[in-house]
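Given below, in the form of structure tokens, are the structures.
The two complexes that follow have subunit A in common; it is paired with subunit B in the first and with subunit C in the second.
And then the complex of A and B:
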């Protein structure tokens, strides 16, 4: 390799960050403008999460701890969308609450609840209840398990949880025994849900978390403490795929973000991989260049 | 176009804020800093209001006021007054700001740390003990299958015993014995005037035991014979289950059939997928009973095996997944990584010899691979956050603008 080529390649080691940002923006924007679909492999832990939710028997309620806000909506929004769509498609009633979260959390969840309810003809109070925000984990988790209505005396709109005319669903929500499973959707869901909500350990717990923290949760899936795991946007896209396979045309995927974001995500990853390879080529070229100079 | 502006001005403000924050990618600038301060200020103010409105007001202030109301003759419980102490305790944190009264704040801090330590203890045990157990993984196929365990010994019976709630009644010859089915405690024992000829059944308030052409009515609480009457034609003939060569008892709780033949009982998969890799009709376990089985009954995860001279309550094993070659490979990687990483972090002695050094080096490599996985996931998360904003800019801001301008 000539000195000139080595010198050119060595420049790749220090690509200006602005160039990287520009490439990243352009690569990620393309799939938003030109519709592209990529095949999707469904991971075992996403399927387990789906299976657990699907098996909810009549008379039981799914509890969703939705403690995410705008800071992590890039991943948690599509995840929560997928879970709510699943509950509404399967006619599974659910209660959603936030523990030790940003005050915006119940409102973020409710935006999605309302939109999905319009699609599937669901009614607030009968098919779902948003219990709002509370503080004091992990003690509150145990308290929710013992008596939901003691912790949440009103829903997020300040309607009493004992007002069964407005919130008929709350008639069947008393303790953890009325829950079929718990979904914790958050940037990093609290592992104390596994220990405190149901001390007997019989309640299946499923997490939907950001990709960055997911490696810490895999071991809990393996040990059976978590019955499923939805990892980042990828997990949400896989979950949507499972909903599509199961419910066919009944599943309304307009504007759902999982599949919308997964292709730009893949493009972004390709750009990053390309820059990592380029950086390594640059480093190798610089070393060679230096060795050649030393030999002279 | 005026309709567009009326509907989309909030989107323009959002887009401006997003772009203002992204200017940092070019270089640090005043606009970015102003946006950051506005965001922090708005968030803090909002948090303070919500904290009062959704948490403190309904969960502390109102119960406390109700308590005072009850104390002065109103409705409700006067114990709500005690919420005042919680407020006082919380306010004690602020005594940190006073040099004179700062020691009092340590009471509140001490209580908080004490509660925290207790909860952490429970939390760590609850989270990590199952992890510890799960680190023991099978590295090769086991020749020993999980077998039912004897949980309890019960009386023998010539016929299928009566199980009614927690009560079980066994009949052998002239003896009728009642036992607590889950505890084995003998509740009563009655000698019958003639040998029993069929299974006992519940009839109204009493237990009917067929004995030849007669039926004996026993009091379920004491076992005393209340009546000895002739059998009526409407009563079903007593049939000894022993006559059946094979007794099949579906045990739906685990999707496993229990099949008894002679004194051998087998647990057989009722359908595909009872556990991972298990197919229909796969035998999961088999166990011999001490004598030919007269009757077999199963409940949630337990089976009652009845013989003439003794009966047993068996705790049934939960069907285990059939591991494939890939699973064993995963387990080997797991165990070697565990040992390697632990030896890398073992600093109490100097590593000498090829094995400890190789184990630690392997551990370091596996750590690096693990960190690589973390990094990959970090990229995915950060990218998702960028995409979310990019989607907002394209779909919510630029696309409607394009439509308003050119369509």
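And then the complex of A and C:
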């Protein structure tokens, strides 16, 4: 390799950060302008999460702890809308609550609940109830398991949870035994859900988390303490794919973000990988250049 | 009056001690508990005073179609009195309770006696406000019962005179024994897997493995402890806001550098409070629209923007840090690249041409193996180490050995 080539390659070691920003911005923006579809590989953890939810028997309710807010909406928004779409498509009633979250959390969840409800003809109070926000985990988690209505005496709009005329669903929600499973959708869901909500360990718990924290949860999936795991936007896109396969045209995927965000994410990853490789080529070239100079 | 610090230390210690004991101490007192396989039970009962001064005795038996539900009055968060279910163990002589029985179908009415379709009889005292018949479908009060009606019966504000917790016949260590329950006895149904759960005596079925013993009271107070925790956590937010207000208020009054940021802080607090007022209003109202605008259009957008910037910082950090300087660094980089690309659709796109036979070599499957096997092993080891440190730190907090604010 000539000195000139080595010198050119060595420049890759110190690429200005603004150049990286520009490439990343362009890579993430292109899929928003030009529709691109890429094949999806369904991970075992996502399929397990889907299967657990699908098996919910009549008369049971799914509990969703939705403690995410706008900071992590890039990942948690598509996850939450996929879970809600699944519940509504399968006529599974659900209660949603937030524990130790930002006060915005119930509102963020309700935006999705109401949009999906319009699509599938669901009614608030009968098909889902938003119980709002509470604090004090992990003890509050145990208290929810023992008596949902003791912790949540009103829903997020201050309607009494014992007002069965307005919230008929709450008639069948008393303790953890009335739940079929718990979905915890958050940037990093609290592992205390596994321990405290149902101390007998019988309630299946499924997490939907951000991609960056997902390596911390795989050990709980292999031990069986988590029955499924939806990882980041990838998990949401896979879940949407499973909904599409299962429900066909009944599944209304307009405006769902999983499949829309997975492509910019993939392009972003490619750019980062390309720069990492470039940085290493630059470092190797500089080393060889230095060794050549030392030999002279 | 003790100093605030001593009070804080005492409260921290007692609260911590409760939480530890709640985990460690079983619901029934060890040494005084009996464990065995249930054979038969004789039902619990309680006697209450009725307006005519004739005591009435109620049996608490599951096979009784008119098994009384015992309710006590409690004030909810909205300040309203409501009736909540309780157990026989939690009431005693002198307690004031409400009994709810039914729904039942009326077969015949003979003066104050109602005969139900199941053959049971209910005594009411006409003219007494303590007795009430309800239509369970509408919740409306019914003045008098007629045959064919489905009703619910309620006796309100009854004073408990005596309670009999009942007894159980069980096989304990191969011998048949009859155990008379005490007023504070707890019946735990044990399962092969998982922890035992408390049940009422009439919930015991022949063949159930049960543990019966005096109550240790920790389980009874879990909800109170959870509420204490909730109150303290909520108070911390108030204290945080108060503290921020003090600091920013001083900066603003004394016109220190950055005073305009303090002014912005107060503006943001006022905006947040104003948005919170209409948070629960009906959709379509002006207050709700304003709240949604502040929360969804301003706060959500700002926080998303701040969070999104992380992607750019992470890209430059990865570019600078991931350099193959050693063999270990090379291993880490290769596995990181596989996991990164394996988590994107490009992973399948690049390697699925190999076909199902070689699917183990598809990038998503290699990435999944890295996460499920080596990552899990390493993470478990890491968690053990971290938890040892966390345990030591928690111990220091519990015993107030850490420096406190103001030290």
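Keep this in mind: the second predicted complex is superposed on the first by the 296 of 296 C-alpha atoms of A that agree within 3 Å, B and C clash if a C-alpha of one lies under 4 Å from a C-alpha of the other, contacts with A are read in each partner's own complex, and residues count from 1 in each chain.
Going forward, contacts are C-beta pairs under 8 Å (C-beta built on N, C-alpha and C of every residue); 3 or more make two chains touch, one makes a residue touch a chain.
Predicted, not measured: the structure shown is a model, and the values here were computed from it.
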Combined model on subunit A where subunit B meets subunit C, clash or fit: clash
Contacts of A:32 with subunit B and subunit C, given as first, second, both or neither: first
Partner chain in contact with A:153 - subunit B first, subunit C second, else both or neither: both
Which superposed partner A:24 touches (first subunit B, second subunit C, both, neither): both
Which superposed partner A:192 touches (first subunit B, second subunit C, both, neither): first
Partner chain(s) touched by A:111 [first = subunit B, second = subunit C, both, neither]: second
Contacts of A:92 with subunit B and subunit C, given as first, second, both or neither: neither
Contacts of A:215 with subunit B and subunit C, given as first, second, both or neither: both
Which superposed partner A:261 touches (first subunit B, second subunit C, both, neither): first
Partner chain in contact with A:140 - subunit B first, subunit C second, else both or neither: second
More subunit A residues in contact [subunit B versus subunit C]: C
Set intersection of subunit A contacts, subunit C complex versus subunit B complex: 17, 21, 24-25, 28, 72-74, 103-104, 134-135, 139, 153-154, 156, 158, 211, 214-215, 219, 222, 231-232, 234, 265, 268-269, 272
Subunit C to subunit A touching residues, read off their complex: 19, 76-78, 82, 191, 193-195, 197, 222-223, 225-227, 229-230, 232-234, 276, 279-280, 292, 295-296, 299-301, 303-304, 306-308, 311-312, 314-316, 318-320, 322-325, 333, 337, 340-341, 343-349, 352, 362, 364-365, 368, 371-372, 375-376, 379-380, 383
Subunit C contact footprint on subunit A (complex, rising order): 15, 17, 20-21, 24-25, 28, 38-41, 43-44, 69-74, 100, 103-104, 107-108, 111, 134-136, 139-140, 142-143, 146-147, 150-151, 153-154, 156-158, 160, 162, 199-202, 211, 214-216, 218-219, 221-222, 231-232, 234, 262-263, 265-266, 268-273, 275-276, 278-280, 283
Subunit B residues within the subunit A interface of the complex: 25-26, 43, 46-47, 49-51, 54-55, 58-59, 115, 119, 122-123, 126-127, 130-131, 133-134, 370, 373-374, 377-391, 394-395
Residue ranges of subunit A touching subunit B (in the complex, touch as defined): 17-18, 21, 24-25, 28-29, 32-33, 72-75, 77, 102-104, 132-135, 138-139, 153-154, 156, 158, 191-192, 194-196, 210-215, 219-220, 222-225, 231-234, 257, 260-261, 264-265, 268-269, 272
